[in-house]
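Down below are the structures I want you to see.
Next, two complexes with chain A in common: one pairs it with chain B, the other with chain C.
Up next, the complex of A and B:
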C-alpha cells in the first residue's frame, strides 16, 4: 500500500513565544523548527502501517527551503521519499495549500491508499487542509483519529469522544487526520538519519496564490496572571491548608 | 523581599559550577558576608553547567590547566560526586599515534599516574562495543571519570552557607553596576543593581560563564570571551548499557582525529563534537530562561552541522550507534565559552578595581581554579600559578570583539587538535608592526606573533649563511622537530656570535615611572637595589608576597625620579597591572607622588650584538662607545646622526652589544643606518629564534613563563642576589627565608648526550618533557613538583642540544646522568651547569667586550 503523509514545518514550542519585529512571524531563532506534533504522529503511523502491510510511505510538505529538515526527519524514521512544495516563505492559506497539495498528488503518479494529515497545524490551527484535500478527490475523510487499522480495502479509524469512542470504517483511498496520542513517535536512529540524507526529495515550486485569507499580524495573548499566596510556614499553616482543601471540596 | 541585603563584602554573580566553587573557597579561607546571585533558579540556573557532559580527562599539555584539573578531581572526590570510569583517547592516524605518546609525556611531566599506551585489542577489551579495526592505538588513563557538577556545586554552596559566610538569591537578575572613581583616573566597583534592589559591595566576582562579557561591560570592563556552540546528541536506550548500575561503567572514548567523544550516561550514549564549523554567538543573543525552549544555553540543534560527524561516530561504535532501535533522544547546540587563546579569564579586571572575572572555565577545572582565585584574592599567592589565565594578560586589541571572535573561531577546531608548541595563529595578524617591519619583509622575515606584534623569527635572506656554517648549523629530520623552525636560526646565531647581528625588539613593553615617589616605589617593587647612579641598567625581579617570582625585567634609571621599566611582550600587560596595583595613589597617571606611563607604542627597540657590535655603532656616532665610557649595565642618550637614541648596554644573548631605544617614527632611519654601517662587518638581521632560544639557552638565561613563575623562587632559579638590600620590597621576608633554607630544587642546564631515536633519527625536544632518573622513574622535589624541561633548544656555538630543568639538590650536580622522555622514547642527558652558571663563556668575557 502507498501512504502519503502531509506535514508542516512549524516553530518548536517550549519557550516563551516571541514575535519578529513586524509581528508577521514567530521568532524561532531560540526555538528551532519541528514537525507539527499531530503530524509527527501521522508520520509514525504511516511508517507503522508500511511495516505491517508493506508498501511505501511518502512525506509531503509545503514550506520554505528549510522545510527539507522536516522531510529528512520524517525519512529518518522510515519514510521512503519526499515531495517538497517549496515556497518563497510566504504563507499559503488553507485553500491555496490544498490546491498545491492536490496538484502535487495528481502530478505524482502514485495512487495513494491512505492520505494522512495532522488534525491541525500547530501554528495556524486551521483544521482544514485534510478535509479540503479529501473533498477535492472525493475521498472519505475522518478527522481527529487516535487509532487506525487497515483491513483489506478498508480503514478502521477510531475517534475519542467524551465517555467512549466513535468507530468509522471507510473504503480506501481515504483521508485520515490524526491526533497526538495515536502513537508515541520513535526517535530517529543514527543509521536512519544517514539513510534519510540519501533518500530522494522531489522539489517543485507551486506559485503562491491568494486563497482569500490575509494575515494582518500576530499577537501573543496576555499572560495569565498567577497569584501565589503563601499560607504560612510549618505547623501554623495547617489550619489554612485544611480550610482551603475544604473550600475546594477535597475534604 | 525584605531580607535582600543592601550591602555585602563580596557579591558573586552566577551560580554555576564556578560561582558555587568560588563561594565555597572564599568561605573556607575565612571570607564572610558573601552574597551569591543568579538570574535563574537553583540548582540549575540555566548556564553551561546545566548541560555539561561532565567528564574529566586529566592530561593537558599546559601545566597550569592540568594542575587545575587534578586539584578539581581531588575536590570532586572529597565531595563524593566523582565516578571513576577511565578514559581512552584513540588514534586513527599515524600522526595521532605520535601525539598520544606526546600527551603521555606531558602527563608524566605534570605527575599523572595510571597512563597506558594500549593496542586496539586492549581498547576493545575495555570497550567491547568499539570497532577496534579503525584505530591504531589508545591512550588509556585510569583516573578519568565523570562528575555530578550540579550536585557538587550545591554541596559547595551549602557548605558556604553552613559556615555562615553566604546568602544566596536565585531568580535575581543584574541590571547594572555602579563604579566610582579612584584617586587616580581609574575606577572601582561600588555596587551591583539587581531586580531585587542594589547591593553595595567592595568586591564583585563575575562567574557568569558566557554572559560574563555583558556583565563586565556594565562596569566598563572587558572579559574577552565569546559564547560558542558545542554540539551534542544523546542516543538510547542502548541494550549493551541497560544493565549498568549507576551512571557509567565503560571508559569514555575520545575519538581525537574526528574531534568527537562518546560517553556512556546510564543507558544512553552521549556523542559530542568539536568538529563542526565554529558557531559563535553574541552574549546578548542568548535567550532569557522564559524564551528558551530548553535552557538559555541549550540552543536548537542544527542538524546539518552535525551530519558529517554521524558517520564517523557510527564507524567507531557501530554496535551501538548502528542499532536502528537506538534513537537520538536529545540533541542540542550547547553553548559554552571560548577565549582568543583558549585559556580561562581569571583575576581582577584591569579596568575596574574590585571587579573580578572567573570565566571561560570547564567543569574539569572549576573547583581548582576557584581555589586558586580565592587564594589570590586572600593573599596574592595562589598555590597553582594562574598567570597563563590572568585576565591582565590581554592587551587592548585582544579584548576587541573582532579579535575574540577570530581567534575563538580558529581555536575551536583545535580542541582535540595536534597543536605544535610553536604553531602560529592565522587570523587577525599584522596588528602591531614595528618601524622595521617593511624592511624585514623585504629580507624574507618569517613572522611569529607575540601578543599582536609581528616579530621576525628568522630571515630567509640569511639562507646564504647555511653554506658558510655548514655542519655547525644542524638539521632536523623529524618533521615535528623541524615544524615551525628553520636551520637558518642556527646560522643567524653563529653569524651573531662570530660577527654581529641586529634584532628587532620592538615588542618590549615599556613603562616610565616618574615623580617624587618614584624611587621609593621602584624600591618596593624590585628585589635589587634600585637607588643606583643615574644611567644604571638593572636586571631584576618582582616577587609576590610569598616570594614567588612575579616578573622578570630590566629597569633603567634615567633620572633622580625617573625609571624606565622594560619587560617582554608576553608579560607586559600583566606586569603593568602589577605595577599599577601598587602605585601609592592608584592607577596610571595617578595624582599621587608617582605616575606610570605606558610608552610601549612610543619607543621601538633595536638590539645590536656580537663581537663587532661596538665597531658598527661607533662608526655611526660621535658618542664614545668604548668600554670605559660606556660600561656594561649602563645606558646613555646618544645621537646617531639626527636620531637621538637611548642606548642600553645589556644582553640577553651573551654578547657585547646594546639595546637602542628609538622614537617609533625614527626607527626605520636607525635601522637603515645600522644596517648600512654593519655591512662591512658582516652584520646579519637576526630573529627571535636566536634571541629567545639559542642565544639565551647557551647563556642559561631564564625566561618568564618558562623557568620563572610564581611556583618557584629566586633561590631555586639560581638568581638569588649576593646581597639583600636594606630597603623593604614586596616578598622580602619570604625571600630572606628562602635564602636561609636549602632549596627544594635548583634550576640546571642539561645537555643531551645522544639524541638518536630507536629508528635512528635524531630527535630534538621542544620543552615540557619529563626529566627521569636513569631507570626511567619520575623525579619529584620535596614540594611535590616534578622535574621537567622548562626550555629546550639548540646551542650552535656549543654544538650541544640544551635543556633547562629544575632538579632536586641530589640530582643538581654537574655530571649527573639522567634521562629525558620524548615521544615515548628516553634519551640520556647530563647536568652541565647548576644555577645561573652559563654553559657558554662562564666568565662573561664576551658581554664585557
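Up next, the complex of A and C:
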C-alpha cells in the first residue's frame, strides 16, 4: 500500500515564547525545529503500516528550505521518499496549504491508499487542512485518531473520548488525521540517518495565495501579575503543604 | 443573520456551545443582525428556553432518518452534521457561523469549510465585525495569540473553549421559534460515521475531572518513581498525570499526558513534581485554580506560573507530605 504523510516544521518551544520585532513569527534563533507532535506520530504510523502491509511511505511538507531537516528525520525511520513544497518563509493559510498539497499529490502520479495528517498543527492549530484535502479528492476523512488498523480495503479508526472510544470504519483511499499517543515514535538509528541522506526529495515552489485567512500579527497573552509563595525547602515543608491542602478544603 | 451551532451528543449539550453563542451575540449586536442557532438531533424544551436568554430568535433543528433509526438522537457523522449547517448557509446566507472549538466543533466546521470552500478561523477569542472580520485566535494551544483578517461571504469561526465568560442577556430574552428540517444527505455524507462505541472505565477519577492532580515531569526519573505520586494522589482522591517528556519516555501512558497534545486539567490544585514547565505542558494545566510546584530548581519556568512552591527533591518532599497527611489523620 502507498501512504502519504503530511508534516509541518515548527519551532521546538521551551519555557517561554519570544516574538520577532515585527511580531510575524516566533523568534526561533535560540530554538531548534521539530516535526509538529501529532505529525511525528503520523510518520511513525505510516512506517508501521508499511512494515505490516508492504508498500512504501512518502513524506510531504510545505515549508521553508530548512524543512528538509524534518523530511530527513522522517526518512531516517523508514519513509522512502519526500516531497518538499518549498516556501520563502511566508505563511500559507489553510486554503493555500490545501491547494499546494492537492496540486502536489495530483502531480506526483502515485495513487495513495492512506493520506495521514496530524489532527492540528502545534503552531497554527487550524484543524482543517486534512479535511479540505479529503474533499478535494472525494475521499472519506476521519480526524483525531488514536488507533488505526487496515484490513483489506477497510480502515478501522478509533477516536478517544472521555470515558471510552468512538469507532469509525471507512474504505480506502482515505484521509486520517491522527493524534499524539497513537504510538510512541521510534528514535532514528545511525544507519537510518545515513540512509536518509541518500533518499530522494522532490522539490517544487508552489505560488503563495490569499486563501482568506490572513495573519496580521502575533501577540503574547497578557501576563497576569504573579507571585509565588515559597512554602519551604525539602521534606520539612510537608506540614505547610498539608496546611495548604486543608485551607483549600482538599483533605 | 448570525448562526451558532449548538453541539449535542446523544441529547447531551456541550456547554462550550454557550461560549460560542456569547461571542455570536456580541457579533449580532455589533452588526445589528438577528441571532439564530442550529442543532442536530432533538431540541429539548430546556434548550429552547436557555437559548432565549441569549436573544436567539430561531433554532433550526436538523434531523436525519439515516442516522437516527427512529430515535430523536442523531448518530455522529461529521459530514452529515456539516451538511445541515451548509443547507442553512445556502438558504439564509448568514454573515457568520460560529461553533465551539471542541473536537467536534472544529471537525464539523472544517467539513463546512471544505464543502463551501470558505475560509475558517479556529479557536477565536475575540471578533470585530466588518467587511472582513478581525479575529483574535489562539495559537500553540493558547500560549500565543494571532490577530488575523477573516474573509468570506459567510465567515466561519470556532471559539476557543474556556476562554470567554458565558453571558446571557435576559433583557432581550425572547421566545425562540423552532424550524425543524430533514437534511438532504448524499452517500458521501454518511461514509464517516460512528459504527460503535467502547466504554472504558478504570474506576478511578479522570484527569479532566479530578479536584487534585499530582503531575510528574522528568525529575521523577523513572516509571517506578511515580509510585510516590500515586500514593499522594490516592490519599487526596486525585489523579496522576505527567508531562510530554514523561509520556514520550514511556514512563506513563499517553492518556496520562497533561499538555497541548494531551489532557487539559482543571483541578482545584495541581501539584507539579519535577516539572520544568514547558509551555506545551502549561497549556494543559492552565485550568488549574492553584498550582503547587515541587522542584529543585527555584528558577524553573514552572515557578513563574505556580502559586505555591517547595524547593526540594520531590523524592523526599512527596513522601513527607503523604506521611504528614497520615499522621494528622491518625
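Here, the second predicted complex is superposed on the first by the 224 of 251 C-alpha atoms of A that agree within 3 Å, B and C clash if a C-alpha of one lies under 4 Å from a C-alpha of the other, contacts with A are read in each partner's own complex, and residues count from 1 in each chain.
Quick note on the criterion: contacts are C-beta pairs under 8 Å (C-beta built on N, C-alpha and C of every residue); 3 or more make two chains touch, one makes a residue touch a chain.
In this text the structure is predicted, and so the values were computed from the model without any measurement.
Chemist: Of the two partner chains, chain B (first) and chain C (second), which one does A:15 touch, if any: first, second, both, or neither?
Modeler: Both: A:15 reaches chain B and chain C.
Chemist: Go through the superposed model and pick first if A:197 touches only chain B, second if only chain C, both, or neither.
Modeler: After superposing on A, A:197 lies in contact with chain B but is clear of chain C.
Chemist: Between chain B (first) and chain C (second), which does A:188 come into contact with in this model arrangement: first, second, both, or neither?
Modeler: In the superposition, A:188 contacts chain B only.
Chemist: Mind telling me which of the two, chain B or chain C, contacts the most residues of chain A?
Modeler: After superposition, C is the partner touching more of chain A.
Chemist: Just checking: does A:235 make contact with chain B only, chain C only, both, or neither of them? Give me first, second, both or neither.
Modeler: Once the two structures are laid over each other on A, A:235 reaches chain C alone.
Chemist: Answer with first, second, both or neither: which of chain B and chain C does A:142 touch in the superposed model?
Modeler: A:142 sits against chain C, while chain B stays out of touch.
Chemist: Given the touch rule stated above, what does A:245 touch, chain B (first), chain C (second), both, or neither?
Modeler: A:245 contacts chain C only, not chain B.
Chemist: Quick one: is A:211 in contact with chain B, with chain C, with both, or with neither? Answer first, second, both or neither.
Modeler: In the superposition, A:211 contacts chain C only.
Chemist: Go through the superposed model and pick first if A:152 touches only chain B, second if only chain C, both, or neither.
Modeler: Once the two structures are laid over each other on A, A:152 reaches no partner at all.
Chemist: Does any part of chain A touch chain B in one structure and chain C in the other, and if so which residues?
Modeler: Shared contact residues on chain A (touching chain B in one complex, chain C in the other): 13-16.
Chemist: Using the touch definition from the top, list the residues of chain C that touch chain A in their complex.
Modeler: Residues 76, 78, 103, 106-107, 109-111, 113-115, 117-123, 134, 136, 138-152, 158, 188, 191-201, 206, 208, 211-212, 236, 244, 247-248, 250, 254-255, 257, 260-262, 268-269, 276-280, 290, 292-293, 298, 300-301, 303-313, 316-317, 319-321, 323-325, 328 of chain C touch chain A in their complex.
Chemist: Can you tell me which positions in chain B touch chain A when the two form their complex?
Modeler: 235, 285, 287-288, 290-294, 299-301, 303-304, 307, 310-311, 313-314, 321-329
Chemist: Considering the complex alone, what residue numbers of chain A touch chain C?
Modeler: Interface residues on the chain A side: 13-17, 26, 37-38, 93-95, 120, 122-128, 131-132, 134-136, 138, 140-144, 146, 158-171, 179-181, 184, 211-221, 226, 228-242, 244-245, 248-251.
Chemist: If we count contacts the way the header does, which residues on chain A are in touch with chain B in the complex?
Modeler: 12-16, 18, 28-33, 69, 72, 186-194, 197
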